[in-house]
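The letters A, B, C and D name the chains in turn, as written, and every chain counts its residues from 1.
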């Protein structure tokens, strides 16, 4: 089974990048499933129902979210009706939405789970290790192929989480820092891992935003309006090949595609 | 001018890796200067005078530090006598040690500066942007070739810092997260940049430490003794080529070397 | 029912203060139950089995803990055998120890619960609001008289927690900041509340520690050995009177006692 | 010399409270100078030029600010023209506005200084200890009577700061947590001190805001619109009497006034 995952899609440029990238990765990788983190799709802040449908129409099977999940208020009710839009699983049980889904296609079955870290993160969520493990044990009854987006800041928490799940899921890929790391590997238990996939959007930027206002803030500490950047559009993603019977990863490959939008 | 920089050297395994890596990179890159971040060289916590000399004997020209700078108490007085050991420049003015040095060799002159970030970092240091800029303006009177280690956690702060110094230094390389990033580039102003160089030490680990105790802590929140890992020793570094007259970067290349120590 | 609660007992001076304070408050308040937060009783860091017994012999009925709960390693196994020593309830379910107890005396029954906040706190615990509420609903089957120690930093989280439990417990008293607040009150639902009870120990200090090393750290950022202070011993506590049938608070009164130990 | 200082004035209710409180404290304390922290005066977020003038007309001599200093954008330019409006002194040197002022009245001279802490605080400011000390040494050439507002979260940082300045200023009063502490004292060097003065505004609230939305956020982690509360208006302040020749504090007294606005 072949899966492509795109890192945080940032704003309109990120969405344009996605439109260009999807046909390209389809021909390059023939993915059975495509997943994207959509937490910054709406102008950098969350996702709307409209953009959710745009993603789904493009061929994305599952959309994961992170600390920006709820930036657009309509999502709080919408997420209850759209199971392909996942919020991190370790929010309070009462919080709307789900943190996992099983998708089917080409006669294959993939579980996708989204969790969020706690070190240096603002939302005060519950233990991602224990909660994910519990659900994953359940998911194993349905399929050994499980793909996990761990949206977190600290490298130590992300690696620990990946190692913790090694052998019980097919892949743990990190998101949130918007910078792709060069540590993609397959752990001894068969779990593909990368600390961060990176992001889709304008790369002449500070993680997707215009450089000037960010520097202004760091040097004056005065408030500024953050504006999304548009130059140097790139798609950052990861390709994972999974052995269907066992759920073990066979291959992990970093994706960096540049585009000339105009 | 050719410079090789090694990311955080972690413990004895990291130092062994360095011993193996230096002859190898000398033959591969013919560096004029070698720099290494030594903040975790002494069992993961800081550096000792003895290890400092060990580094210098191996051919390292300058050692940078970070938030672990002062873990070994003897360093507080030792650093005043050893100008090749740099603590981050944005500590209080009264703090012992210096945050920059100009080194000479092969008829060449390189300034090295070390600063530390503030987002998600424990030491409450002063503004790295403003303080670094001021010193760099001074250093330009001596040489246009300036190499900066920015020891920081948040990708946004690191990229903003690199962009802020773009055009006024030859390279800004990040350290601290112990995970090499795949975003090495030369910014438009001629500054080579990477968000994190990674670390030198055992990579079957959580950023250099044994996996088991870290997972134990994340799942129980109970205290544990962190032990350094020894498996899968790797050197993470970066190679930068600089045009001497202008100080502009000509090339940046990631280094990942694996070793079989035994 | 009359209850006296002592804020964080810090080190040997704190324990001496307690020895002096208990007979005094017994004659002043005739408490049915005495509770103390013991998270700093052992030299500032956690509590030992020996000190636990010392507390119990002094007439303390229940000892609550906080982020320093596990500083002394022996406590991890000891806490499973000593139900009167409570660790915060919102640690992972597998963590040893319990976060509540029902104590009896003078024909009365009091439930004591200990929870820990998350804002600005190091241990990454689970939601204190939801977990406490669930247990409190259970405890109501046994007694309406419930006394809660909420060990937390941020005033907003503490007040929100108190207001959240207003009407379902007899008292919510804050600990952890070591500074007594002047906002003791009874909320409309009948819950006695104070943001922080303060601490028992040497008050010519920075929250129990010698002033000099702390200032040295703030001005140099260099490591220092923190030493416990001994001057100006004071006991900070709170007195709450509860109507037994309803569990409603009738009275809340701040306690500040000075001692001349020598 | 007699000085009254009011803690963070929150929104319209806070301003109404101030209107009622000022005549009352004038008759009770005959203050030579009145100071108020205005960082939450404009609907909870910062202060406007209009509200600044409103404060000055009420008889407030100096307005201090904190982390909310810049919430209202017009303040960035306005503060340069209004020296009685102070932003924390440890912002970058280039940041508009000043962090101290000397005011005169009744033949008396008082210096007022405003600094901001760093522990658990969002703005990444420079070292408040070292910067304040330097300015205070200068201010001593003008007057020994110096009143300091230290806007900070952590009790340890606040007490350390007060102890650090003990003997060189007349008073250090804390703000920011919006909860008045019961630790007012005069330190051995003659500096009056309190960890937090509290706030002026609606006290049936979570630090000035409506309780419901705050609890909703803590239990669901979903975004909510914070609304200012209006019930139980109170003024929290502090009265300090200073010996003019020496600048030593003679007296410190907590102020809590309740009002029935309607």
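The definition used in the following text is that a residue touches a chain if its C-beta (ideal position, glycine included) is under 8 Å from a C-beta of that chain, and two chains touch if they have at least 3 such contacts.
Since this is a predicted model, take the numbers as computed values, not measurements.
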Using the contact definition given at the top, which chains are in touch with both chain A and chain C?
B, D
Higher C-beta contact count, B-D or A-D?
A-D
Can you work out the whole-Å distance between the CA centroids of chain A and chain B?
30
So how far apart, in whole Å, are chain B and chain D when each is placed at the average of its C-alpha atoms?
42
Centroid distance [mean C-alpha coordinates] between chain D and chain A, Å
44
Residues of chain C that contact two or more other chains, please.
92, 94, 124, 127, 130, 219
With touch defined as at the start, can you tell me which chain D residues reach chain A in the complex?
70-71, 73, 76, 91-92, 94-95, 123-125, 219-223
Which stretch or stretches of chain B touch chain A in the complex?
120, 127, 129-130, 153-157, 159-161, 163-164, 177-183, 195-196, 198, 206-207, 211, 214-215, 218-219, 254, 256
In the complex, chain B touches chain D at residues 92-94, 118-119, 124, 126-127, 130
